[in-house]
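Naming follows writing order (A, B, C and D), and every chain is counted from residue 1.
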Amino acid sequence: MKHQLMMSREDVSAFLRREFPQIYMQGDIWHVEEVAPLRAVLRMDYHESQIRPGGTISGPAMMTLADLALYVAILASIGPVGLAVTTNLNINFLRKPEPRPMLGECRLLKLGKRLAVGEVSMRSEGSDDIAAHVTGTYSIPSA
Amino acid sequence: MKHQLMMSREDVSAFLRREFPQIYMQGDIWHVEEVAPLRAVLRMDYHESQIRPGGTISGPAMMTLADLALYVAILASIGPVGLAVTTNLNINFLRKPEPRPMLGECRLLKLGKRLAVGEVSMRSEGSDDIAAHVTGTYSIPSA
Amino acid sequence: MKHQLMMSREDVSAFLRREFPQIYMQGDIWHVEEVAPLRAVLRMDYHESQIRPGGTISGPAMMTLADLALYVAILASIGPVGLAVTTNLNINFLRKPEPRPMLGECRLLKLGKRLAVGEVSMRSEGSDDIAAHVTGTYSIPSA
Amino acid sequence: MKHQLMMSREDVSAFLRREFPQIYMQGDIWHVEEVAPLRAVLRMDYHESQIRPGGTISGPAMMTLADLALYVAILASIGPVGLAVTTNLNINFLRKPEPRPMLGECRLLKLGKRLAVGEVSMRSEGSDDIAAHVTGTYSIPSA
């Protein structure tokens, strides 16, 4: 698979803020760290809205990070498609994350005309261990 | 599988509010509707914190509903275990939900000593169509 | 969702034998027991090719049963489509199956123009306990 | 995670042939290509028992390859455990494989006392594209 970068990190960040303002409602916690063809790295700040007792990060917060990383990798690779929707997401929770920001690193395994499939490894910042792993599928609308 | 009901609807509701106050931080939107051995029905109010543009309900909100329905079905069937943790969750998004409350109906397929596995069907209140479907696994701590 | 039955049990059985003779190569072990709109029940005979030491049935044999049950439910609901392909399959193994035939009962949760999603519960014949549970997605070719 | 290699490629190969002779019943098609701590590469020969019309490889054959790659990575990392069993397997079919042998490359994401979780990328020999991707969980018996 050869793919070009269709949106820069700045383009994707601006697109998210314009099209999905509600994800920032609880705080400015989502940051696009890197984009490349078929790849993206997202950062989720450690924020009270995502925390469970004992300092751990909630499962849904990690699912949101993974879903967003998949979407950003798709945007970066095919350009702005507001209507792509998640059809399947499978998450394995592997270790309790640290009370720190988390990074979600996405790699698209397939980018077809109708479906995109990717995997996301999530780590606490500064850690090598994967705290949670996702594979997910987006349905891409016909142009 | 024969199982008894170990916690009533009122017991489970009180347990959730005492042990997981943070899930009610954004609003009192989670309601245990029914419990039975190996079964539970949860209700998620239609609340601004769960909504995406166009009135649709966010994917992570539905994942939270499913995860909570699994946990309540386990609590109802084995009693209060604060430390059960989700290890795997697989969700299929099937239809755009209505701008209404959602119900998550959980059925445990297995309740072993170490692992519990269940499925959750999620519908908009008043609708027969399944908007999203989850299968999930919880790891149960040794007594 | 309202759907009609587009192929009878006999039609589907004949279609499978004509289009997929290779699945019967190791023995005449696959039987369509029932079809209805959005539903199908498949039977897998207990056959040496599917058995592991101790009399248990192999995981891939159960995945094949589930995949076939999904395909038959789709065929019964939309008619003969040779080119539908599985895009995702998620299986939970719950209990060791008995040394007996297995039944796979499929219910389609969504039957769209592009994607069909269903779940399959697999039991040893004569048992109420679910031995394995699958959710799967088929991609349906444009007409 | 630091892990040692507990069984060599030769050890694992001999163990599989001794403990699981039935997987070789249809032909000597499964080969352990590499093992390392938390990693394994398995090769599946292109064999008539795995083929569908048009020369493509069956879905269950790919699931078997992935399941075996996970098991070999676990064996290599913790030593001979005959009774580890698959509890969950999630597969995404991405591209039609070539009419050639396939390689399944496994990486364990977690190797705990009770559960091991890994991912497997499957490619046609000589191809860079991933034909199918699996994440799977094994339950490890108490010592």
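Quick note on the criterion: contacts are C-beta pairs under 8 Å (C-beta built on N, C-alpha and C of every residue); 3 or more make two chains touch, one makes a residue touch a chain.
What you see is a predicted model; the values in this text were computed from it and never measured.
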- Task: Average the CA atoms of each chain to get its centre, and name the chain whose centre is farthest from that of chain A.
- Result: C
- Query: Considering B-D alongside A-D, which chain pair is linked by more C-beta pairs in contact?
  - Reply: A-D
- Message: Need the CA-centroid distance for the pair chain A / chain D, whole Å please.
- Response: 28
- State, to the nearest whole Å, the distance from the C-alpha centre of chain B to the C-alpha centre of chain D. 34
- Scan chain C for residues touching two or more other chains and write them down. 87-88, 90, 92, 137
- Message: Could you list, by residue number, the parts of chain D that touch chain C in their complex?
- Response: 19-20, 22, 25-26, 49, 51-53, 59-61, 63-64, 67, 85-93
- State the interface residues of chain C toward chain A in the complex, per the touch definition above. 87-88, 90, 114-115, 137, 139
- Message: Touching residues of chain D toward chain A in the complex: what are they?
- Response: 1, 90, 92, 94-95, 109-110, 117, 119, 121, 129-130, 133, 135, 137
